[in-house]
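A single structure is presented below for examination.
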Amino acid sequence: MGHDLMGQLVQYIQSYLSSDQTPGAAGNMFWVLVYILAVFVGLSIAVIAMNWLERKILAHMQVRLGPMRVGPHGLLQPIADAIKLLLKEDIIPAEADVAIFWVAPFMVVLAAFTVFIVVPFGPTHAVTDMNIGILFMLGVSSLSVLGIVMAGWASNSHYPLIGALRSSAQMVSYEVAMGLAVVSAIVMTSLNASGTGTLSMIGIVQAQQEQGVWFIFKFFPLGLIAFFIFAVAMVAETNRAPFDLAEAESELTAGFHTEYSGFRWSLFFLAEYSAMIAVSSIAVTLWLGGWLRPFPNLLSGSTWDLIFSLFPGVTFLFLAAMCFFNAVRMPKHPFFRIQTIGLAGFGVVLGLIGLVMLVPAVRIRVQDIFWFAAKVATFMYLYIWYRGTFPRYRFDQLMQMGWKVLLPMGLGVLILTATAGLWPSIQHSIWHP
Amino acid sequence: MAVDTAFNMAPVATPFFFYMLSGIMLIGGILVITRKNPVHSALALITVLLAQAAIYLMLYAPFVAGVQIILYAGGIMVLFLFVIMLVNIDRAAKERTFNSQWLVGIVAATALGGLFVAVYTKGNNIFPEHALSVIENDNTQKVATMLYGQYMFAFEIASLLLLVAIIGAVVMAKKRI
Amino acid sequence: MEAMLHITTLHYLVLGAALFLLGVIGVLTRRNVVIVLMSIELILNAVNLNLVAFSRLWGGVHGQIFAIFVITDAAAEAAVGLGILIAFFRNKETVNIDEVHLLKW
Amino acid sequence: MIDSNSSLSHLDLETPEKPFLDANELVINMGPQHPATHGVLRVILRLDGEKVLGLECVIGYLHRGVEKIGEHRTYTMFNPYVDRMDYVAAVSNGLGYCETVEKLLHVEAPPRAQYVRVILTELNRLASHQLWLGTHALDIGAITPLFYTFRDREEILKIYEKYCGARLTTHAFRIGGLQYETYNGFEREVKNFLSFFRPKIDEYEELLTTNRIWVERTKNVGIISAKDCIALGVTGPVLRASGVKWDLRKAQPYANYKNFDFDIPTCQNGDTYDRYLVRMAEMRQSVRIIEQAVEGLPEGPVMAKVPKVMKPPAGEIYHSIEAPKGELGYFIVSDGSTQPYRVRVRPPSFVNLQALDLMCRGQLVADVIAVIGTLDIVLGEVDR
């Protein structure tokens, strides 16, 4: 009986492997849990990596080195920071509304992490494929504003309150422009034989695959403008420079999380970065072809497929080579011995991952994830770049930008996209009434 | 079970989720009307709204669920919180929570509740026993077709209503226009 | 027990009725205008729940569309209501509904 | 101090504007611990939402009683203290003090000393403006210029360190001239610095001058008219950005600025962007002055004949110089003893800070930060 149960369990687990659906759609709870765990772990690693990368890239933009002490080239700095944050005293201001003060960071984190259950890392690499995928993502990510408002209010202090008011107004207004840009991409999905569009994240990417063009290039320059609107709105939505008014350091000290410290503060930090990844995923899915590799039409054929499928492994091998190169360049001093060994060890790990990714069975499955991640990483780099380049907008200018520039632009693009999509039939009805 | 297929109203573990969500909603609703601090009330109301969105999902109405989250939880409630922060609640916190006619209110509500109970116990069998089976996947498409087809006029009226509401709100809230 | 385990339309209706009653009690008994407005939202949501449950019962989407219109209404109502609240607060410096007893001040 | 003609009567600084939502006036304490108040300035902001109805500066957190200390030190001993006032432009402070006492003593520093003083003071102006630019841009949200300016300011500080052994509080000048002859290669290093620095100004401007957000954030922010500037006694780049061509280096030439050929940059609007432009142009002019001074650096002694124990004749003197931040004046009363009877400093930051309330009325919170940055205050000088 016990053996039978085990057999059934194994069969249940294996049954999913042959299906070509997401685990949520296939209804396989085991793989749903596996995927959720994978997404969670991957996201945490991405946030840690992003933390290090932001400091390093920003530092190099600003003629300095950034973290260098903890681990080789400061690689262990995020971990050291995490330990520091967890060990810090958890301060709750005396006059704070304790219950809401507690709930707020969890609300923000919840909103930032929940959206990832519909993000399609590949045709089957998503926790589930919802019929209202994009609506769900926008909706749930808009919940984080509630957490921010609560955090600002519960702190019972003026700077957090102003920060919270600023960010709530900002996020609500930019959601409108963002929504319009998203709608114009969704209109593009309906340009197929049956004339029905889709809100499903996987469906949107598949529509781009079927139409043979990424939506950013569709109806040039309409797709590009819609993408631009979204790209601006998403920076505002995540409260990042140059729209970081809510946590403007020089004005409001730290905005809505001024009174937070330690673990709770780190939750805000985590939420901010995962929200950045989330909105970038939306942009990638809607306009940049999601998991599709570049130039699927131009460079088609099995040879090109093979070459592009080698990219993930080669990238990791390249990173490993960089590690070895820098390990060799490390100063030959006993003080640096551990760091050199650590860097080389890190290179070995990266190299092994790269080698595993070159195995045919693996590389077919991971290449989608790789292309998706690479596109998202581009956005992450842009975020850092903005931060290094732009001064901060003022509140009224921000509102002006949202309501007087992006919103009319979004409406115009939506109307023009719809017109362009219907143009063949309009033409038809004009010539053949 | 034979009933199961005919009663194809919801996916796995529906009773559990239904009771959990209704519990959350009822507790949240009670908190909304009893909390002294409006921010706590708003938090409770948000919980109610989110639980209700989940119930919409159980009722195979994903689009309404999405609209509920975006509009209610992400939009209207933010407006509420915004206004609560704008108006000074220090004084409100010191005052009585309920007004002098709370007894009248309870009695009226009880009477209304009695009416509901009467209707539901008497009229139970006017509803068909078996819900029709629907496909979840084209819900959005169906809603869209209906909204821009049969209900086009109502849709336009709603947009006009929103316009009027915008102007009204601005006129009300702004001192100098 | 059997009736408890099979979730029928009636279950949703009862839930909706309960929420509706909570909303009514809130509207009738609270003094804070903001919470009165929230109670109205509660009432509207109870109605929405019924509409969607019926829509599920008949297998169409008419009820859902009605629910969407109700949500639109709720947004308009909240905007205007809160606008009035701010105008009121500016003049009387209170959010107490008992003090709204003059048509002109 | 203010005669009846240029009165402040048109400035109603007492009554703040009526708030929009009466009950909802928000009072915020910005500082003394705040990232954007440049030290320990405390600004009590009265806000309506984000709009500033009025503000009040609370100063004195850094008060050390420099003026009082002056009454208990000999003239020579007091010299290092003035470096600690505007610690960003310590050399200018020293120049002002030394020249004042020299005037009181009726001695004049020899030409070589004068030239070296000009070089060091103008280098100091560059350093001060660089620090201003970096922190001002940081306040407005551009974090990168800070690191650029600090990188280049380092080169100036290196020259100071080589010349007098100190980087910040230099104590470079002595009453009657200089204590040290310049080191070997001083001229070459200054010239190298100039050729290194000239493209850097373009680099800063490239980052900011045409940056859309920077322009939007600074144009029409914190406007102050020439009339108000004069009424409040505001001097320096703030005054010049409002259109008044007033620079003590030209108006009342000291050291030997009259030998150098340079322009006084001015702008018309008196907003934050204009003040930025004026300071950037001033940096270029400073480079010009240093160039001429290094070219024409005469030979000769660096110290005039001054008595070991200074006993200036009884009397009083007011002398002012154009410090990077505006008119820096010293008023010294001598009773004929070795110690001054009274020392009074007219620090530019202190006077300019008065304009903060006027410039911020009706602006937003974010503009207050920009205006504090553009006034270029140093609290060490405000509080003394």
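Letters A, B, C and D mark the chains in the order given here, with residues in each chain numbered from 1 onward.
Everything below uses one rule, namely that contacts are C-beta pairs under 8 Å (C-beta built on N, C-alpha and C of every residue); 3 or more make two chains touch, one makes a residue touch a chain.
Here the structure is a predicted model, which means the values were calculated and not measured.
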Chain nearest the overall Cα centroid: A
Chains most often in contact, by C-beta pairs: B-C
Centre distance in Å when subunit B and subunit D are each reduced to the mean of their C-alpha atoms: 62
Inter-chain centre distance, subunit B versus subunit C - centres from mean C-alpha coordinates, in Å: 6
Distance from subunit C to subunit A - Cα centre to Cα centre, in angstrom: 36
Mean-CA-position distance for subunit B and subunit A (Å): 31
Where subunit B touches two or more other chains, by residue: 63, 67, 75, 79, 84, 86-88, 139, 175
Subunit C: positions in contact with at least two other chains: 86, 89-90, 93
Multi-partner residues of subunit D (each touching 2 or more other chains): 21, 23
Residues of subunit A touching subunit B in the complex: 97, 99-100, 103, 130-132, 135-136, 138-140, 142-143, 145-146, 149-150, 153-154, 161, 164-165, 168-169, 171-172, 175, 196-199
Subunit A-touching residues of subunit D, taken from the complex the two chains share: 26, 28-29, 34-36, 49-50, 137-144, 146-148, 151, 208, 211, 213-214, 216-217, 364-367, 369
Subunit A - residues contacting subunit D, complex: 58, 61-64, 158-159, 162, 165-166, 241-242, 244-245, 248-253, 387-397
Contacting residues of subunit C [partner subunit B, same complex]: 4-15, 17-32, 34-35, 37-39, 41-42, 45, 48-49, 52-53, 55-59, 61-62, 64-65, 67-69, 71-80, 82-87, 89-90, 93-98
Touching residues (chain side subunit B, partner subunit A) in the complex: 37, 39-40, 43, 46, 50, 62-63, 65-67, 69-70, 73-75, 77-79, 81-82, 84-85, 136-141
